[in-house]
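Two complexes follow with chain A in common, the first pairing it with chain B and the second with chain C.
Moving on, here comes the complex of A and B:
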């Protein structure tokens, strides 16, 4: 009984945290794109009220099953990512493979974003879907190799162990390339900032173009939720997890997650969305080799420290 | 106390069995759907769902790493495969339903024979008794096997796969880096929009 209660409060906490992270990301992104403070904070609830009342419109011969299934699956991916983050010593979803699970969840986004574009049976949606996959291949490999670095240094794939292994020198400080590649990947799977081409304005918002009503709401909210969730996973990976003075560990995790979410969303909102071919080449030819070098450096440090 | 623990063990065993059979049934049903549906996207993602259920079955066998990696790799692979399927089949999204089978009878025959042969093999072979016990950390044991006793296999398979990918892309690409950056690779890169403009000028 006590276990069931604990699990229920844990799940409610994760849902609440995902909501707060998504709202923070949306407000910060809105500030960065030129809205004033109060307007930016109210942007998300206003959009929510507007889209909930909007009538659903369909396209001709849409693949409704795949379209709706994919759109409504994006938010649960963000929630599961947040559930992987260890607050104090354990996460809601504990396990020895947290790093691999986080990677698997962000891979699911590949399928869902492409299907949101495909399912609408519209040219712009399809263009957005293809853009996303081209970008996904380019950001995912640096992201995967970026995940290798903290796991290698901690000698574990368990997010709680990775967080605990950092001591006073956070991994973000001595693995900056991996940290940057990871954050770029987060922007990639939340389709925001410089990697927002799949939902680009010049293609009538691409994968988002034909969505309406609650379907549009869940996908739009999921982009900010995924940014917040990705930032929250970065806390045990790169920012020392629960470590910090005075305050209890869980508070530090929440604080770091919120700050990183706000900062990342702000930077993403300040940067222009780049065309796919302008991004793919540097991601493959510059960032990927740099991240592999980063892994090599971490490997040498680990072996030398034995 | 001992009764309680026995009862709880039996009930958890029961749950795991139910979950395993559910995964197995979903995997087979989704595999069948691949040939029943009439769209490339649905066929591809039915196959992805089948692999996700297979990953679930592996998780239930306490092969956590293999299970999660199957889900990771297969969703990634199917996302890319869907693009290639659509590209080579030239199907318009949803507007042109098309059959997912060809050589219908022969294919069914081969599939049934293979399934019966492999399935009866799995059921009828006298499996040996377990000797020894599983490693306490199967993920680490897997990593050690790949990086030590099976290193040679991995070192051969890796380059072969990369070579296959590079050659495949090269053979299918109409433009190489020499078309893009000139014979001495010293020109600024010329990509489709600019390239089209240049060809219009000619």
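Moving on, here comes the complex of A and C:
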């Protein structure tokens, strides 16, 4: 009985935290694109009210099943990512393979974003979907190798162990390349900022173009939720997890997650969307080798430290 | 028998620029789109996301916008299209101050931003080139109008995204009448 109650409050807490992270990301992104503070905070609820009342518009011969299924699956991915984050000593979803699960979830986003573009049976949706696949190939490998670095240093794939292994020197401080590659990957799977080309305005919002009403709401909200969730997972990976003076550990995790979400969303909002064919080359030829080099450095430090 | 699921004919094959056979899609752009010259209609044939063929249809009535205002409007639209909202808003502020070729600080900063975006390949050089020449009034919009054939040949061979950017940048040269476009 007590266990069931604990699990229920934990699940409710994760849902609430995802919601707060998504709202923070949306508000910070709106501030960065030139809205005033109050307007930016109210942007998300206003969009929610508008899109909930909007009539659903369908395209001819849309693949409704896959289209809707993919669109509505993005938010659960964000919730599951948040559930992996250890608050004090344990996460809602504990396990020795947290890092692998985080990676698995972000790869699911590939299928969902592509299917959102495909399902509408529209030219711009399909163009957006293909752009995403090209971009995903380019950001995902640096992201995967970035995940290797903290796991290697901590000698564990358990997010709680990785967080606990950092002591006073956070991994973000001595693995900056991995940290940056990870954050870039977060922008990639949330299709925001410089990596927003699959939903770019110059292709009529690409994968988002034909979405309407509640379907549009869940996908748009999911982009910000994924950014927030990605930032939250970075806390145990790179930002020392629950470590911090005076305050309880869980508060530190929440604080770091919210601050990183706000900062990342703000930077993303300030930057223009980059064209995919210009972005893919530097991601493959510059970032990927740099991240592999970062892993090598971490490996040498680990072996030398034994 | 022609296959037409849902009333839309299936895409037909055609040789694309690489000599491969590609599905050809018919895709209309305009007359109403965000950051798009109002009334302009393009009937495009796409090979994948590359625009292979364009038919132009444009509105009959000219809008009588002064050249400098039209140029800054084009800058704002291009910046909006790449999601650079803060700088798009700054370009619109410059536009609303009825600018001339001699620039105040605000206009200069927006132009520096355009140059930076071109350097980092966020914008194609063809787009920033024409914007620069429009802002310097090195192109006289009243005489250098783009006719339908010129616009079509300008756009063909570019991908959908670049086509939107090129149309936004060339909007001041698309005015239907020479009489209203010039600022003198």
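Quick notes
To be clear about the criterion, the second predicted complex is superposed on the first by the 306 of 306 C-alpha atoms of A that agree within 3 Å, B and C clash if a C-alpha of one lies under 4 Å from a C-alpha of the other, contacts with A are read in each partner's own complex, and residues count from 1 in each chain.
In the analysis below, a residue touches a chain if its C-beta (ideal position, glycine included) is under 8 Å from a C-beta of that chain, and two chains touch if they have at least 3 such contacts.
For clarity, every value in this text was computed on a predicted model and none was experimentally measured.
For the composite obtained by overlaying on chain A, chain B and chain C can both be accommodated side by side without a clash. Applying the stated contact rule after C-alpha superposition, one finds that A:32 touches chain C and leaves chain B untouched.
Applying the stated contact rule after C-alpha superposition, one finds that A:61 touches each of chain B and chain C. Within the superposed three-chain model, A:203 lies in touch with chain C and out of touch with chain B [touch as defined at top].
Of the two partner chains placed by the overlay, only chain B lies in contact with A:95; chain C stays clear of it. Contacts of A:174 after superposition on the shared chain: neither chain B nor chain C is touched. Judged by the touch definition given at the top, the superposed model places A:72 against neither chain B nor chain C.
Of the two partner chains placed by the overlay, chain B and chain C both lie in contact with A:130.
Within the superposed three-chain model, A:110 lies in touch with chain B and out of touch with chain C [touch as defined at top]. When the two structures are aligned on the shared chain, A:118 is found in touch with chain B, with no touch to chain C.
In the composite built from the two structures, the nearest CA pair linking chain B and chain C is 5 Å apart.
Comparing the two interfaces of chain A, the one with chain B and the one with chain C have residues 61, 130 in common.
Interface residues of chain A facing chain C in the complex, by the touch rule stated above, are 32-34, 60-61, 123-124, 127, 130-131, 193, 196-197, 200-204, 269-275, 278.
Within the complex formed with chain A, the chain C residues making contact are 5-8, 25, 27, 33-35, 46, 48-49, 79-86, 89, 117, 120-122, 160-162, 164-165.
Residues 39, 41-42, 45, 48, 64-65, 68-69, 71-72, 75-76, 78-80, 82-83, 93-95, 137, 139, 189, 191-192 of chain B are the ones touching chain A in the complex.
Against chain B, the residues of chain A that register as touching in their complex are 61-63, 65-66, 95-97, 100-101, 103-104, 107-108, 110-111, 114-115, 118-119, 121, 126, 130, 133, 136-137, 140, 157, 277, 281.
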